[in-house]
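Each in structure tokens, the structures are laid out below.
Both complexes shown next keep chain A, but they swap its partner, so chain B is in the first and chain C is in the second.
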Partner chain A sequence: MWKIADVEIESRLFLGTAQYRNPELLRRAIVESGTQVVTVSLRRQSKALHGAENFWGLIQQSGVRVLPNTAGCRSVKEAVSTAQMARQVFDTNWIKLEVVGNEHTLQPDPFGLVEAARILCEDGFYVFPYTNDDPVVAERLLAAGCRILMPWGAPIGSGRGLQNEYALKVLRDQFPHTPLLVDAGIGAPSHAARAMELGYDGVLLNTAVARSEDPPKMAKAFAQAVEAGRLAYEAGLIQVKQKAEASTPVLGTPFWQHELPRGTL
Partner chain B sequence: MRVNVNGEVQTVKDRVSVQELLSDLKMDKPYVAVSVNMSCIPKFQYKDFELHENDEIEILVPYQGG
Partner chain C sequence: MTRRAAIVGAGVVGSLMAWRLNQRGWRIDLFDRDEHPSQNCSHAAAGLLDSVGALEDAEPLIHSLAAPSLDMWASIVDTLSEPVFFQRRGTLALVHPNDREQLDQWQQRIRRLNPQAAMEWLRGESLRELEPEIDSRFQEGLYFPMEGNIDNRALLRALHLQLRHMGTQMHFGTPVLSLSANTVETSTAEHSYDQVVDCRGVKASAPGLRGVRGELFIVRAPDVELHRPIRLLHPKHPIYVVPRPNHSYVIGATQIECEDYGPVTVRSALELLSAAYVIHSGFGEAEILESVTQCRPAFTDNQPRTFFREGVLHVNGLFRHGFLVSPKLTELACELLECGQLAPPFRELETEATQCA
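Coming up: the complex of A and B.
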């Protein structure tokens, strides 16, 4: 069990709801992942409302918490307005805050992100900022009122895994009491496990499951990887060494006293 | 008067309220959110919030997201 905003959560895997080939695959992926938090968005209503109605119905029936996002926002004003609209629709003060700063990498605009976070925290939101792995930005976000941080592993949807493990570890070391989730860029269960081994509190991913050949099975694989990584972190990984060290005891090794000529078979 | 709804110009009656607009568009649902000129309009204001010429209105609904 761990806590976010005084809410106790068992699963450390947050799952995105986009890009599934059909709603049934999404529903089964949610079940198999064991997730208790899924991300959702707001978009312009298209010709018929039944699509939105069906999607929202599916999410509500799954019994998970929703974490609305501000995906696609490129300014503070857009992000704040979208967050406030999300609060109206989803009846939650949780918001995954995204302020995109670069079209090529979709990496966050740290200046806009901090400003939007400050406004939304003052407005009563519990802000989950999608941020980079810069500890200075992290400090500013915490000063703005954020109580959780979600640094990227790699560009959104790239599946490249943890591109800067050193930076992620620095964040973990510098903010030992702040919940940290790796958000974006995870492509394989091993990436998620590694994030958890580093001591991250959870991971948020979407594409790696939704775009796999079998999303429900991949969701289960990620669930197990996240759990394995967390257990490994809690158990304490051994120190990496430069040379071999025999695991079988040397004491009592047969023929130990014999000096054999080099090359003897 | 003319207003812009989700990127499309529409002709509506003068001083129409957000509530009336949603009703006319058959979009008065609990899972719909509205902004006018990039400011979120709380649901309790829908009835009294009047629209003006060239207002830019966004009507948003739940959608998949990552």
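Coming up: the complex of A and C.
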């Protein structure tokens, strides 16, 4: 059990809802993942949400909490107005804040992000900023009022895994009390497990499940990986060593069972 | 005594259903709310018959309906007195060099779902041989030699004409207020039948149906000479350019989760038209003849269904695949009507859809 904005949450896996081959696969993936928070992009559908009752109804029926996002927004103004619209439509002050800085890499624009975060936090939003792994940017986001950070693992949709594990570790060490989620770039359950082993509080992913051959099964694989990674973190991983260290002591083993170097007999 | 059936909805499914039941000796009344059925999805379609390529985001059931449907189209078109543009010259899928992995993933999925599917990689010269005019940035593509395309509007016109010749009563411009197993109620009368068939789109009385918005353009491009449908893989929509006679082309189609019939948005127009322009710069000089918006009727798994509900025979939820699967699907619906159930490979068509919202 962990907490976001005073909401108790059990699952540490957040799921995106885009790119599924059909809504039924999305519904089953949500069930199999055990997720309690799904992200929803408002931008494209905003115009006719009432008409999309079936699709949203399906998400709402699954009983999960909706985290609207500002996906694809390229300016502060655009992101802020999308967030305000989302608050009305979904009746939540949660917002996953994305301000795209580069069309090619979909890299977050740290300057616009901090500015938009400040505006939204002052306006009463609980902002989940999609950011890079720079601790200075992280600091500014917290100063702007964010209480959670979501650094990327790799570019959105690339499935490349944690490209800079060192930077993610530094963030974890520098902000031990801030909830941290790896958002974007996760391609395989092992990537998600690794993020959790580093002590991250959760992961957010979409493409790796949605575009897999069997999204419900992949969702389950991710759920298990996230849980395994978290348990490993809590249990405490051993230190990596340079040399072998026998797990059974040789003392007490009959000498003829010791493996001898060649040519000694 | 001749059995009488009412078919509600004169899109491709309703019209083919009427044609098939007619051939089986039924006397048919065909209802549509429009005077000239031009408001339905079938009118807004592109007539792309991508029996293999559809596996990108469709389940294997679509493929098993689509493959026999392609052969059926050839014989259906042959029986019509009016000529209908129909060709099986294959289709081609291209991908922007930056998104190459997408095409690989698509091919892998098709191979896994159907190892025998007819599909080949074309590179450089062999690609140019097939379509000399596509932009030089495209150096490779996937070719599906068995696929084809049909002029959807010409087909509907010809089919409706044929149905009139066959003695079908056409009740066009006649909205149906309610229907049951044996009755159809309109504003002027209540008609009785041996069987009522609901072939409507989003408005069908089947639970779990939703509308998925799609937008497309019809253009005339005298400078463009493409011989077969070309798909351009795009992260959000399956975008295609489908040739019609006289240098006209259908450029479609967006796929947006909402039931909104409003005009084409600027964003969608940019996405569709720039995709066409990337394939062939000659589209820059094309005239836009029409921009079309429609909502595809879909169950939550985007798969079609045919089933009995309170005595009414339903054939609904064809989503993006109306022309692709309707010949086989309507044959199965007739089988369901006459035998009471479907044979195993198609039994899942009878399962009730998950009801949502």
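Note that in this section the second predicted complex is superposed on the first by the 247 of 265 C-alpha atoms of A that agree within 3 Å, B and C clash if a C-alpha of one lies under 4 Å from a C-alpha of the other, contacts with A are read in each partner's own complex, and residues count from 1 in each chain.
Please note the rule applied: contacts are C-beta pairs under 8 Å (C-beta built on N, C-alpha and C of every residue); 3 or more make two chains touch, one makes a residue touch a chain.
Treat the numbers as computed from the prediction; the structure is a model and nothing was measured.
Peer 1: Report for A:F55: first if it touches chain B alone, second if chain C alone, otherwise both or neither.
Peer 2: both
Peer 1: Tell me which partner A:R27 touches in the superposition: chain B (first), chain C (second), both or neither.
Peer 2: A:R27 sits against chain C, while chain B stays out of touch.
Peer 1: Which partner does A:S41 reach: the first (chain B), the second (chain C), both, or neither?
Peer 2: A:S41 contacts chain B only, not chain C.
Peer 1: For A:E213 in the superposed arrangement: first (chain B), second (chain C), both or neither?
Peer 2: It touches chain C, and chain B stays clear.
Peer 1: Which of the two partners, first being chain B and second being chain C, lies in contact with A:F175: first, second, both, or neither?
Peer 2: Neither chain B nor chain C is touched by A:F175.
Peer 1: On the A-aligned overlay, A:N69 touches which partner chain: chain B = first, chain C = second, or both, or neither?
Peer 2: So A:N69 only meets chain B here.
Peer 1: May I ask you to decide whether A:V89 touches chain B, chain C, both, or neither, giving the answer as first, second, both or neither?
Peer 2: The answer is first: A:V89 touches chain B but not chain C.
Peer 1: In the superposed arrangement, does chain B or chain C reach more residues of chain A?
Peer 2: The larger set of chain A residues in touch belongs to B.
Peer 1: Both chain B and chain C touch chain A; at which residues?
Peer 2: Comparing the two interfaces on chain A, one with chain B and one with chain C, the shared residues are 19, 44-45, 49, 52-53, 55-56, 157.
Peer 1: Would you tell me which residues of chain C are touching chain A in their complex?
Peer 2: Where chain C meets chain A, its residues are 57-59, 105, 109, 112, 209-211, 213, 235, 256-260, 262, 265, 267, 298-303, 354, 356-357.
Peer 1: Note which residues of chain B are touching chain A in the complex, please.
Peer 2: By the definition above, chain B touches chain A via 6-7, 26-27, 29, 31-35, 38-40, 42-43, 58-66.
Peer 1: Within the complex, which stretch of chain A touches chain C?
Peer 2: It is residues 19, 21-25, 27, 44-45, 47-49, 51-58, 61, 157, 211, 213 of chain A that touch chain C.
Peer 1: Applying the document's contact rule, which stretches of chain A touch chain B when the two form their complex?
Peer 2: On the chain A side, the touching residues are 16-20, 26, 39-45, 49, 52-53, 55-56, 59, 68-69, 71, 77-78, 81-82, 84-86, 88-90, 156-157, 206-207.
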